[in-house]
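Take a look at the structure set out below.
For clarity, chains are labelled A, B, C, D, E and F in written order, and residue numbers in each chain start from 1.
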């Protein structure tokens, strides 16, 4: 019943966020959840996608991708295959939605912030690490935007972090690594605001369907983990 | 506070399932949730995808698509654009996962069942209608497989249905139509087995983040709706 | 020498056209030639393709596609393959040309009507059924256009229907079903106006080349069939 | 009423066929119909497409393409656009079907002949020139196959040539050049065997629909033109 | 040590340049280096690519491609594969860069010249033959531009030719044919102006790395060959 | 005439190579040339590409890519565009060729090593940094291969490093950064073995053509820089 890396069920892996890892990007962070390493870069651009032009509102979007050898066996590049897989699309959309939940588009004006989340090394929980790191990059990009485009009020309405939880060998656990994730019966990704409200709840029965009380236990675990991630984000953003 | 079509908050739209709508497919159903119409076709093929060969286990997969004029304004065909969008991928994956949750792959042997869910007309809830209808097509495809490939035991381990729920104007509602869906603050798709357990829970804050008690209320509503959908599936499968 | 479904050589299959099958489209028809079922949707859009802008003339175009399990064995989706096959292109072009032959582009103004012809079930003659049904959808779309865009005169200059003919076991036959089509020595698709003139004549020797008298016999059969299809279209358009 | 290049209505443009224009190909011909120039190369390969394996029968297929500056204004390369247009597909399929009509697949054994027809310069009638030239390349490829694969009998069962005809300013004309083609009311491509039977008849009303007697007149003109093309092919194949 | 076609180490193959081979193109040349045959067409278009608009400067670009049966065994069309290979891209870019080196963009005004270099038959050295022939087509296109767009001064600042050199069986040789190219230890493509300066030097160790004195010897050979190619270009451009 | 970062003309930027930066890859290195940062991962796989099977020889290949925000302005992902650009192809091919020059394929047996070179941050010289770093990753991958596949002799026959040189403001300079690269008149990438022989020499006149003595000076500078890079590689590989 012990976890492979000796953690208690409600323990996060060591989490570090290295802010401003990139020189060119308006915001950036290298986020690590144990061996999972995601490079998040925020780009500020003037203008918005065609369907949003003339509304006076901004846009935030995200693109997620994995380097070919971020995983244990090499995966073919999506650029070489000529198309993006379903999983990549799904995660990119999740990250974008999660960050948009703490943005006031009117305050942004017609500007776009793109979050590129590239997985350099994968060991489970890449999408939740990406959301957690992308928020830090987003904060710096928003600062840049306020300063250089003279925004009247702050487009940021809150903070956001995310974590995975799951049931492994009948036990509810926080922040699964790859080994745990691959044998989990139920797997859930939860995106939470800094004040503890839900942005996304995505639970999937990998093996057997799960009941209401399991669902409740996992949600408790996730909300608790996100409280700690919010603290780590705050520290990274100081200075 | 009244719903656009006069329903009570916990009322489904009229749901009909026309089984065996297609002549060639091993299983098929035209499912209607109000004006939403999805044609579900199940195809039985010998063999499994490459990565599964030699395991002795079967596979179930799904492809979701919308006809160009199923919606209010015409959408470009994905075949013409030359690539499948993120939303399409995401829904295809959800349908496949949902149906696999009630399948015993070992009992199937190395056969594949593909569920094609084509939206002929869209008015909200197309993915949950697709899951509900695809289950009916799947049942007939499994019957065909058992009979023509001489399976020893039944690969079906349960039934599955799905429904959307959401918070509209502060009110929790079951089975949103397009009008409601487009203004919902929170939107949730819930996939439930015939005995009331969860296969998937996907909740998204479209506007403001939502709290735990809202989440609990939506889950109750969804489970209740799926009890009624299970009944409708059973009736469709009689005879 | 008897036909597989007992028809006489110059007999059509039962043909039904269900007008306004779709709620959103400006014109629509579900057309059935025996077991062949094609859903035709007409979409009216303001503006014309780039190469036609500024001419003051409208445009009519068509897209044909088959659902994966419309046929006896499942075909891969063209959206998944990422490209449209030659046959699909060829038929889309044929449908568009056929309908444009009865349109006065100047009377349309710079508007576009797109006919989506999706084969729900295939049993031979899908392209000719599509043309016959698309005409009905087109009529309603043109009505919509006249009313909502205030056209001065009617863009429709005639009616159009189409049928396949072929030589099977040495016998010239009207409206081949799939079984006949697959063994035909010669196969011909003929598109005819309501007053009996030709829009398209496409004859192909599948096995042995054919002589002039065979060609003449097939053309007679086709023209005769189209007279009856024109009647059926008229009835569908009443009311 | 005079033709732009002074020809009589039933006169072909100067036609030349330069056999063995390429060094590597098993058969090749540079065919010219006036200013229309098509390079036809026949490639012999062992084996057949997957769907034909094990049948003991061969296959003949064709690919048609235009060089970007074969036309008056430069067209984008289909390789650069990443997809093949409908017209290209349609013509490739027509060429393939036309040549297969004079092939005995059983006599070929499991070998494939591919005809590449690349338009170096276009001035109307490229598809019919391609068929006429490809036949010459095919003859040499079949000879190669007979010699090097020891075939027992000749896979060639006849010869094939093709020509366009059309109605321009009310007059039926043979072998339209680009100028005539672009203003033709009716346009027809006819593929004929050496003994005067039809392989393909494709007539299209570009402007007004056409009646039966026009159709009859065009067919007479085309058959007559193909008699002369057959003579030119025979001369090219001597020596 | 003798070369396969009996040439001396510093001897070019017979080189011919047939100017104005095409009727539509503003400039064209069929260039032959022995059995290597490349058709070069220059197209003049008004306007420049988006990134260059408003600069008042012109642009010159190139596209290289091989016909499927230009080589000993048939290669799949890149249009059919749906993407352009690395080698094609690389050579297109090389040709474009080489020609741009002798162009004064300001003198061109906002016009674009596109060089299409299509290999009709390949026997080694196709990229250097393409550059050499494309220059001739470019000269005529520039003349057209000067005349029809009233340019004040000549955009051409020099001439350009190119040749391959390599080390085969320890011997430095000029203008390798395919047989030599495929066994060369070192292969170098050199692009030289009419007054003997370098535009591109691309040397690659195919087998063993090469030393400085080998490099020097190859450069001498190449510069010498380009002097003779410049003469041939001049002769082709007379009249 | 001073360089933007104060270096002397023949001075490299600070170069660091962090070996084994990745946990999963059989070899890896994060290489930095000033602000240019490239992550190189070497993957060992059994088997070789189809065209090489049965030869008993191994294969080494490379893929180069840039993260979207590695550059000053964000570039679109090639996976999103659905195709790989010419520059990417060209550099991937260059890296592969460069590393293959120091490999004895027979000694490798039928195994493949793939070098993924992903640019995390770009400031000029990414392709030469990639080659220099990829060699370090390759060494560890070859060690892994020797140990786990029991190779009889060492497949590595030498070492390889690379550097860019160019003429900026009339001055020949070593290891250009982005600022210098963008204004260079001549730009050259040179790939050199550990014992000072050439693998690749790619010189391009960006503005004016260059003469022989400039070329000679640049080659001297490059060879000298590679001597120092070889030392840095050796140090990184110790321990």
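Rule of thumb we're sticking to: contacts are C-beta pairs under 8 Å (C-beta built on N, C-alpha and C of every residue); 3 or more make two chains touch, one makes a residue touch a chain.
Chain-to-protein mapping (UniProt): A, B, C, D, E, F = Ribonuclease PH.
Computed from a predicted structure; not experimentally measured.
The chains that touch both chain A and chain E are F.
Note on connectivity: the fewest steps through touching chains from chain D to chain F is 2.
Using CA-based centroids throughout, the chain positioned farthest away from chain F is C.
When the contact pairs of C-D are matched by residue number against A-F, D-E or E-F, more than half turn up again in E-F.
Chain centres here are C-alpha means, and the one lying farthest from chain D is A.
Taking each chain's centre as the mean of its C-alpha atoms, chain B lies 33 Å from chain C. Our note on geometry: chain A versus chain B, Cα centroid distance of 27 Å, whole angstroms. Averaged Cα coordinates give chain B a centre that lies 50 Å from the centre of chain D. In chain F, 82-84 are the positions where the chain touches two or more neighbouring chains simultaneously.
Across the complex, chain A is touched by residues 83-87, 89-90, 92-93, 97, 101, 158, 188, 193, 197-205, 208-212, 215, 219 of chain B.
Residue ranges of chain E in contact with chain D, taken from their complex: 22-25, 28, 35, 39, 41, 43, 45, 63, 65, 67-72, 74, 77-84, 88, 114, 116, 118, 120-121, 123.
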